[in-house]
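Structures given as structure tokens follow.
One chain, chain A, links the two complexes that follow: it is found with chain B in the first and with chain C in the second.
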Partner chain A sequence: MSRFLLPLGIFIVVVGFLAVGLTLNPRELPSPLVGKAAPDFSLPQLHDPTKVISSNDLKGKVWLLNFWASWCGGCKDEHPVLNHLAQSGEVPIYGMDYKDQRNEALAWLKEWGNPYSVVAVDEPGRVGINYGVYGVPETYVIDKQGIIRYKQIGPLREDILQEKILPLVRELQSQ
Partner chain B sequence: MRWLLLIILLILIPSFAVAEEARPLAENPQVEARLKTLAVELRCLVCQNQTLADSNAPLAEDLRREVREMIAKDMSDREIIDFLVARYGDFVLYRPPLKTTTTLLWVGPFLLLGAGAAGLVIALRRRQKKLGDTTMTLSEAEHKRVAQLLSEGVNRP
Partner chain C sequence: MIPEIGHYALILALCVAVVQGIVPIYGAAVGDSALMSVAKPAARGQFLLVLLAFCCLGYAFAVKDFSVLYVAATSNSQLPLHYRLAAIWGAHEGSLLLWVFILTIWMVAVSFFSTHLPEAMRARILGVMGLVSVGFLLFMLTVSNPFERLIPAAFDGRDLNPLLQDPGMVIHPPMLYMGYVGFSVAFAFAIAALLGGTLDAAWARWSRPWTTVAWCFMTVGVAMGSGWAYYELGWGGWWFWDPVENASFMPWLAGTALIHSLAVTDKRGGFKAWSVLLAIMAFSLSLLGTFLVRSGVLTSVHAFATDPKRGLFILVFLAVVIGGSLILYAWRVPRVGLGGGFSMLSREGMLLANNVLLVAALGSVLLGTLYPLFLDALDLGKISVGPPYFDTVFVPLMTPAIFLMGIGPLAQWKKASLPELAVRLRWAFGVSVVTAITLPFILGQWTPLISLGLLLAIWILTTAAVDLRERLTHTDGSSLMGRLAALPRAYWGMALAHCGVALFIVGVTMVKGFEVEQDVRMNVGETATVGGYTFRFDGTEQYRGPNYIAARGTIHVSQGGRDVTVMYPEKRRYFVQNQTMTEAAISPGLLRDLYVSLGEPLENGAWSVRLYHKPFVDWIWGGCLVMALGGVLAISDRRYRLAWRRKVSDVPASTQMARQTVS
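This part shows the complex of A and B:
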């Protein structure tokens, strides 16, 4: 009997590791930027290219930065969630139009609604690199001091919003 | 003869077309050589099992452009790697650094090797003991039978 115990034990340990491995998402990499200052940017606005939106203008309030693009499928999935959040007016959402064409981005927003306070245009994707973006959509929660507090990789969902993002936003706003 | 020339020319046309499509890699071959040695050490974040050098993902192209510019600015390899690690974490490195969070990754294989070696030694010892036990337990009658069988074998033609 005991000669089966050791292989059985090893088998159970291996199964345990594999079971945990199945639940992990290899696309979700921990960002080294959480807890650090949000990288500065100063970019033309989507709706009025003559105007500039700068991260310095946003100091002193809690805001969300959402990287999206008209070519991105996941962005369409999360868009109703963003529209809903924008309607509630709880926290301003700033859009970052990532590696996109201006006219297509404008048409996309016209069709699906515009939840953004302002949309910045990151056509060469440089600000994206500074924020460690590796796949849109990605959303950052940035506090009053300009520190990144949370990073959402992939589409936002209503449950993530209610359970993680909004409680964090309220806590940061009360500070 | 004229036909042959025409055929040869026709065969050559596709190769001209290809030659025209291929873009020059970069103006500076030295920059390109450094980019190559750096990019094989870096992981593409979109296609996670490809290096930055292999990947055709738009992000990999952007990151190669970024690295190219840093090389042109004469930044050291260390500075360039730090730039990427600060943004994307240790995951961009194909050779993760030895840290408290990565100790199991580095030491794990040696632990497994040690455990395997220990298991082998124990198993061999046990086996030897078992074999030793069986030779010891041959009875007097069995010894006689062995001697008889052996002598029979000798006497056979």
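This part shows the complex of A and C:
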């Protein structure tokens, strides 16, 4: 009898794992860049292409870097969260307009609101490659020394903001 | 109105399925033939209802009814009609409807082609299929209703994913589902036999053709999926060991093992418990595949929209169906006697080894697929398991299996003699080894893997030739043609399927060993040479399709100054989802494919271009088609045709048995 129960036993173990698996998110990957220096960039600004925004200008403060694009659906989902955060003024958000067209990006910000202190234009996506962007939106928390402290893959949600990002930002700001 | 009719038809189908799942099985248990006879009309009625629902959804797509959420989410007014219809199975809800629809097709087929079965057996089979159907219909009606309304209606739809806008999409999912769901028939036969306690050779004989048909569809379906990835994803790979690919490959492996083990149960009465377990496994893995694809527990390129409620539903369904069957198995099977004894060196012994190896391969694929989930669940970190793992475990497991494939058909049942086999196969062995060692040198490059691949392929072909020659000398008949025709089709089917494996191996070996790939920057008018072919880039032009714009490149290919072909690779931008697609240009050939895809545009009309020369790559899919053809040939065997005819003429079963030739 017992050897005929073996398949059932194996199956129960697999089902147990699958049940646990349902509660996990496989897309939540740890980034190898967390704890490392944020890759440098120096790019034209969206609203004024004659000006340049460089990551070196941001040393000495805690900031968020948000990769987005006007063609990206998830960006629209997280946009109210960003707007809300920008209103609170707790931490500056810098935008990285990723593989996008300038006029469409500007129109998009006009329609949905602009939470960004400055938006850099990464039209060829090079900076995205340096940051290891899987897909937009992605958000990075960068500290005063220019070290990446946290990476959010996919849209930001209010609960992630309140439970993870803001406590981390406050801690980094007090250092 | 039409979508509501479809929705209503699904609800009615659920009611019919509940009746079909309970009444006939109860009838079979108490021996009430009036209750058992409910099964047939219920199955057919359910089919008609689901067909109606399917047509309603098709109609909603055809008339662009964007007040249906599913239609609005997966199509667009600019999408051509054939893709709008294929969009029925373009996402989660509709592909479930396709699943249930195909399940009812199989039910109707069973209801028509089962007149030779005892009534209780037929009632139980259709009952079990009805229960499976209850699960899927409930799933659809509770958490994935394709007829859900969107009010107010969308002005236009969000369009079908551009990756799916391809002729392969029209045919690949139905084929694959025919296979997946087809294993439900073998499953239902096994459960019916367990319920009835009639686990005998007759059971195996009845379920063999059904298993083979499902396996043929599965083979073609998996091959088409692979072919689609090859020409649609634009980087020339044909198998990625992606979880969803594995989800279709695992039932195929189980089905392949099942076909072989059923042969033993049918011919020798052995392996009964094992065959039943494999039948349960093949269908369980089909269900597991559904779970993996739909629940989002694993990352995969086949990103269906996921919803935890759906995942939970399938998991519970999975636990009930598979857990229930395995309990039934553990309860009933110990009473089943063993078949006749056999020595390890016999056809049974080799088929057993074949089964062990196939199941080990299956286990390693399952482990590799679920391993990231296991580690994550135990909080041991996040990893992904890729092709290196699968390649490493797969080749060593398949090598002995294929070696046995050559010997098995020549070995006697029960007990074979090793020296005798060695004498019969010495030429085949010698030819294989010598060719495998020397041929790579002639082709220009020798590596152990190329040599091994060729050895296995040639071994299959030469042993098949030896087998054919021996069978011909043992067959009566004056002319060669007469003797060839006298061999049973079941034999031809097996031989053909095995040769298909050889073709497949040749394809894999040659493309892995001799493929040439080049990433080049090409200015207009510039040439590049790959694999002896010269490619001249003549620039790109704008081109407008029904729902996309494309940059279409023109590439003239010549060999030794002689024009070979002109290729038109495209880079498309689909309007609605604003997604860029690489549409590779392929010039297929028996001995090689030329494969060109456009990378990124550079300045002055130049492009980065990928050029591939892929020797024998089409043999990979050709081999799969030949395997499937072998299956088709096997089920057209005389004894199955006789089984249909027996309905009319009612020949006694004993003479049937006597007439069967051993295959």
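Throughout what follows, the second predicted complex is superposed on the first by the 163 of 175 C-alpha atoms of A that agree within 3 Å, B and C clash if a C-alpha of one lies under 4 Å from a C-alpha of the other, contacts with A are read in each partner's own complex, and residues count from 1 in each chain.
Keep this in mind: a residue touches a chain if its C-beta (ideal position, glycine included) is under 8 Å from a C-beta of that chain, and two chains touch if they have at least 3 such contacts.
Computed from a predicted structure; not experimentally measured.
Asker: Go through the superposed model and pick first if A:14 touches only chain B, second if only chain C, both, or neither.
Answerer: second
Asker: Of the two partner chains, chain B (first) and chain C (second), which one does A:5 touch, if any: first, second, both, or neither?
Answerer: Second partner only, chain C.
Asker: Touch test for A:52: chain B only (first), chain C only (second), both, or neither?
Answerer: A:52 sits against neither chain B nor chain C.
Asker: For A:22, decide between first (touching chain B), second (touching chain C), both and neither.
Answerer: second
Asker: Applying the touch criterion given at the start, work out whether A:129 contacts chain B, chain C, both or neither, answering first, second, both or neither.
Answerer: first
Asker: Which partner does A:107 reach: the first (chain B), the second (chain C), both, or neither?
Answerer: neither
Asker: In the superposed arrangement, what residues of chain A touch both chain B and chain C?
Answerer: The overlap between the chain B and chain C interfaces on chain A comprises residues 26-27, 29-30.
Asker: Enumerate the contact residues on chain A facing chain C in the complex.
Answerer: Those in contact with chain C are residues 1, 4-5, 7-8, 11-12, 14-15, 17-22, 24, 26-30, 71.
Asker: Under the definition above, what is the set of chain C residues touching chain A in their complex?
Answerer: Where chain C meets chain A, its residues are 273, 277, 280-281, 284, 291, 295-299, 308, 311-312, 315, 318-319, 322-323, 326-327, 329-330, 333-334, 370, 372-374, 376-377, 382, 578.
Asker: Report the residues of chain B in contact with chain A in the complex, numbered from low to high.
Answerer: Of all residues in chain B, those touching chain A are 45-46, 48, 58-59, 62-63, 66, 85-89, 91.
Asker: Which residues of chain A touch chain B in their complex?
Answerer: That would be residues 26-27, 29-33, 99, 124-126, 128-132, 134-135 of chain A.
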